[in-house]
Amino acid sequence: MAKLNFASDYTQGAHPAILKALADTNFETSAGYGTDEYCEAARRKIRAACGCENAAVWFVSGGTQANLTVIDALLRPWEGVLSADTGHIGGHEAGAIELTGHKVLTVPHKNGKLTADAAEAFAKNYFGNANREHMVCPGVIYISQPTEYGTLYTLKELTALRKVCDEFGLKLYLDGARLAYALGSEQNDVTLPDLARLCDVFYIGGTKCGALLGEAIVIPDPALLPRFFTQMKQHGALLAKGRVLGLQFDALFTDGLYLSLGKNAVRRAKEMVNLFTAHGYKEFCPRETNQVFLLLEDRQYAALSERIVMSFWEKPDDAHTAVRIAASWATTAEELHALTKALTNREQ
Amino acid sequence: MAKLNFASDYTQGAHPAILKALADTNFETSAGYGTDEYCEAARRKIRAACGCENAAVWFVSGGTQANLTVIDALLRPWEGVLSADTGHIGGHEAGAIELTGHKVLTVPHKNGKLTADAAEAFAKNYFGNANREHMVCPGVIYISQPTEYGTLYTLKELTALRKVCDEFGLKLYLDGARLAYALGSEQNDVTLPDLARLCDVFYIGGTKCGALLGEAIVIPDPALLPRFFTQMKQHGALLAKGRVLGLQFDALFTDGLYLSLGKNAVRRAKEMVNLFTAHGYKEFCPRETNQVFLLLEDRQYAALSERIVMSFWEKPDDAHTAVRIAASWATTAEELHALTKALTNREQ
Amino acid sequence: MAKLNFASDYTQGAHPAILKALADTNFETSAGYGTDEYCEAARRKIRAACGCENAAVWFVSGGTQANLTVIDALLRPWEGVLSADTGHIGGHEAGAIELTGHKVLTVPHKNGKLTADAAEAFAKNYFGNANREHMVCPGVIYISQPTEYGTLYTLKELTALRKVCDEFGLKLYLDGARLAYALGSEQNDVTLPDLARLCDVFYIGGTKCGALLGEAIVIPDPALLPRFFTQMKQHGALLAKGRVLGLQFDALFTDGLYLSLGKNAVRRAKEMVNLFTAHGYKEFCPRETNQVFLLLEDRQYAALSERIVMSFWEKPDDAHTAVRIAASWATTAEELHALTKALTNREQ
Amino acid sequence: MAKLNFASDYTQGAHPAILKALADTNFETSAGYGTDEYCEAARRKIRAACGCENAAVWFVSGGTQANLTVIDALLRPWEGVLSADTGHIGGHEAGAIELTGHKVLTVPHKNGKLTADAAEAFAKNYFGNANREHMVCPGVIYISQPTEYGTLYTLKELTALRKVCDEFGLKLYLDGARLAYALGSEQNDVTLPDLARLCDVFYIGGTKCGALLGEAIVIPDPALLPRFFTQMKQHGALLAKGRVLGLQFDALFTDGLYLSLGKNAVRRAKEMVNLFTAHGYKEFCPRETNQVFLLLEDRQYAALSERIVMSFWEKPDDAHTAVRIAASWATTAEELHALTKALTNREQ
């Protein structure tokens, strides 16, 4: 029997509506570099969903690409980007931000989040420091929604971060690689229009939320980054056949598909937690979205690994292992049944 | 009636075999970042086609991304890349190479090509110059096959360039954005195994040759770039859902599809030239692959533009316009008939 | 007998007034990083000489350092710097500009100069090009006064370049590595106040004009580069013991020393030309400042090289060599007498 | 009465032997870019002092310049530099390392030092991490001797760091901005030959140790950085009039001057500590070299500041301020007497 694969939310292809759109339009001709009608349609729908009619919307192939292109474009040469120490850009993008010439400044996270207090303290320390001209100036605040730990910023928390940005002249950039799973969470109170209102730039993740690939970068005020097209080109982020990304976001933003994919994953993740805890497993941190973090005894880890593909997360101590399992847009009731069996069998 | 669109070879989607492969495997789960079985299958087939069993093969989303990642990886910090002055990296990639910190050194082209003589003269001048330590050292020779003018390097020309590289310790990198149309040309005498033998790195273009997107970078001796995976990540070139690219190249390198797509385009381009010349139009430069360059009187240009979407190329003088039309993997006999009609009608 | 060394204008130490200033103040204590009173005094004097009371003035150790720091600071990420193809930044700074991520765009020079016509044509071609978003945008015009060929921009020529800058939104940056020799030329009609009025940034060269080392960067409108101090630091251009540079420019701008050093060199260069032409040698290009370019038969070159240290410039053909000899702030009547002897003896 | 200025060790000019050397040779002519005889003489003496006859020795104008040029040259594109979190490159160089495209990786310091244990743990974690290809690879270990807290690595500690480097294939780079004060410390057991044996690159500080400016970069095995000259040029670190730096290091390494300057400062710092503690002040951390760190009540800080210029260091709590005072190569017995008076008067 094949193992159950819950390692991540990008293990499968794309939602069938996307495959259908690609097939249906396959032999139509269109202009290149994101100037085609499908990109335009996707832009219109995303703007509508964000309640932001003037937003610039650009499509790139992946999350690191989005992060490095946006952050490099937002920062002035003497600035760095402030992130929680758990931020994806700091530890898991191989130094992509530094390769653009900018430092990732870090403060300790709180449940995977960068708090407004921590950001304010950092900014105060910098702007109040007599030696600040010899130091890296914070220019952008980087957050991810949901965070690397699957937690969610509340509207109140986001508003507080925005206030810090306004006070110190910083930009707010939100990495939405898994944004569908934030929007689909029962605990979420932050909408797309909230993001468009509070962030300077954010991206709506496709790769991990039902697309073959692609992320949609939203710039509510296009005047902020007047030459972003060229900056994408410079970073190799501009696809010649841009329609491939446009078609996908067009499909994802038709009839609420993006949100419903998010909701499915969250519901399945909730069921997973229930199953695991019912079988005596412990959560490593409380689930809020589609990612479930478990704290396993090493013995449990070995046994479960024979039946389920999980992601190693960290070793909090010598006897335990923290793992991540993820539900996705594609997770089915059948897979949950199979998981039930896998957990039950284990105990026999 | 819709205009005929011959503006480029990336105006349509993908070969149906690719869409089928995506659909057939859609709900299978696979590992991320190009470590999946479809990427592996594509690698095996590409290695076999290149007669190079040890080659490293990596997939990225586009041509500029391939160029900047490879060239940055090949160059040492004090080196620049030598290109014909018509090279894509010099004028049409918005300074992407310079953004990685390296200069594009240029010599005048000959039919769109960088000749071995010009490369040798440049290298001799550098290495023989008493002030060379204050100058940019050539480290990589960049060529494209076919060139930006649709012309082809012969095996003899490529061998001569390799010899220059060996003499001066340079690397040879070949941009194969439209490689299918080189391989499919009746005038071509350079095979994939030749490229694997003569180049340090080259890429096999997908985006313009029948894929939705994607280019396959081939490094015949993987020891040359031992950490290329991480360097791709740093440049945002590594896709999480790598299978999307692997599946496409797996399909393109099954049953000779890549070559046959190239041949189709070349045959159609040949027919186009015949049609245009039969109707009194002049070629701007002789066709060798899938791109046709016409020298139009401005009056002709205006008239034709009402029926056919072409690419503006340049204005050689006040009364004429050079345009490019391209046949592609997808160009059909029906389109050629329609073109016949369009040209005939024009004369009525 | 030691050879006469006319290889360059930086072969000797510093004007004695500079050594005296260093010795007189040696055990005074002062603040670091250019915040000391000597830097302030130098700034006041330079501002006065430029008729520009609000100018920011910064001191760095050398010309390439000045060029890369200023140009990187002036350019936006998608921009490149436009230069004559003979510009120092293009060929003789080892790719320092590209290392900051920017392309050096070139047009053919005219007597070592970038003409307003050439700059305008380049800008028109870029801003009128439908594909410009895929190309490097010109952002700064780089010129040197005197040029690499020792020629001078006239006030009319500079004014025309400024007009092109204004028309297309470009910045004008002037490299004044040998500015004293421009200011001291009998053919010059461009004053420091003219430079402050017409340039966005320029630098007043010290290293080649009588200082031990150092260049003074002048930014007439400091708001243009609000964090230049930090950008200097980032590029390693900020000296801890900044007074060393401040003291030298304080001395150079006291009692007209800088101008008088320039005049001395120009006078001596004129005498050199007279001597050489009287002995039958030909100029390679007409002298305007302190540099003399001679076109020697290779036989002459070999013979002269036994008595005089010159700088090889280029080989215009197989039988001739162009050389540069330079008079400097320190060139004396005695050296001219010795040169007379050297030329006369040669003929015996 | 002028305040006593103990703010730093770079507040004054240069040792008189340096001024004399500059004056004595002022009108001699010499070749540029560090190829002159004075640079050569300095190189010979430094090689002899380091017991390393083949070392490459290069001179640059300042410490940040040395750090960024060396670290950028040592690191491969996918690598970062590991430093204690108190390292100068991390917090006080305005992101200069990141501007070269590399991340500064940090571990918590111990008395200002990066311990071999911490370095080993970091390397083990990286090289043992399954996701390491997505992370920044440590490539160079950066340490400073003395450290930013004036503490010293012992020979045993340095040897242990070297062992970690050898085990994991890392390079060891030592920032010797204040190296004279390490060498001159009564607690030091690390000699220049030890550094040449244990480090891949280190620099001997001039700016803070008696020179007008300048640092001497020592590369024991020149094959390690074969094109360092050009890399200096690219970073603007190459001085045209290189003799200015060569002459100074020639003087500093004649008759043991460098060591004796270090010893003077250390002796004076020791006297300072004795004076302050005799007057009831507390050390913030124990003095090992020329820098004295005091923990002052804010009231004491205010009172002392009226008589003595000190450097603010940090505020450990609301009621106290940590300050740094520094003795230097130039600190005299008279200044110590004046300090005695200043402290005594304060109590009246």
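Brief remarks follow.
So that you can tell them apart, the chains are marked A, B, C and D in the order they are listed, and the count of residues begins at 1 in each.
Convention: a residue touches a chain if its C-beta (ideal position, glycine included) is under 8 Å from a C-beta of that chain, and two chains touch if they have at least 3 such contacts.
No experiment lies behind these values; they were computed from the predicted model shown.
Among the pairs B-C and C-D, the greater number of C-beta contacts is found at C-D.
Centroid distances built from C-alpha atoms place B farthest away from subunit D.
Note: centroid distance subunit B to subunit D, computed from Cα atoms, is 51 Å.
Centroids built from CA atoms put subunit D at 33 Å from subunit C.
If you average the CA atoms of subunit B and of subunit C, the two centres end up 43 Å from each other. The residues of subunit D that reach two or more other chains are 77-78, 93-95, 99, 101, 133-134, 230, 233-234, listed in rising order.
Touching subunit A in their complex are the following residues of subunit D: 77-78, 80, 91-95, 98-104, 130-131, 133-136, 312. Here subunit B touches subunit A in the complex through residues 5, 7-8, 10-14, 16, 19, 22-23, 25-32, 60-69, 93-96, 99, 207-208, 212-213, 230, 233-241, 243-244, 309, 330, going by the rule given at the top.
Of all the residues in subunit C, the ones that touch subunit A in their complex are 33, 72-73, 76-78, 101, 133-134, 137, 227, 229-231, 233-234.
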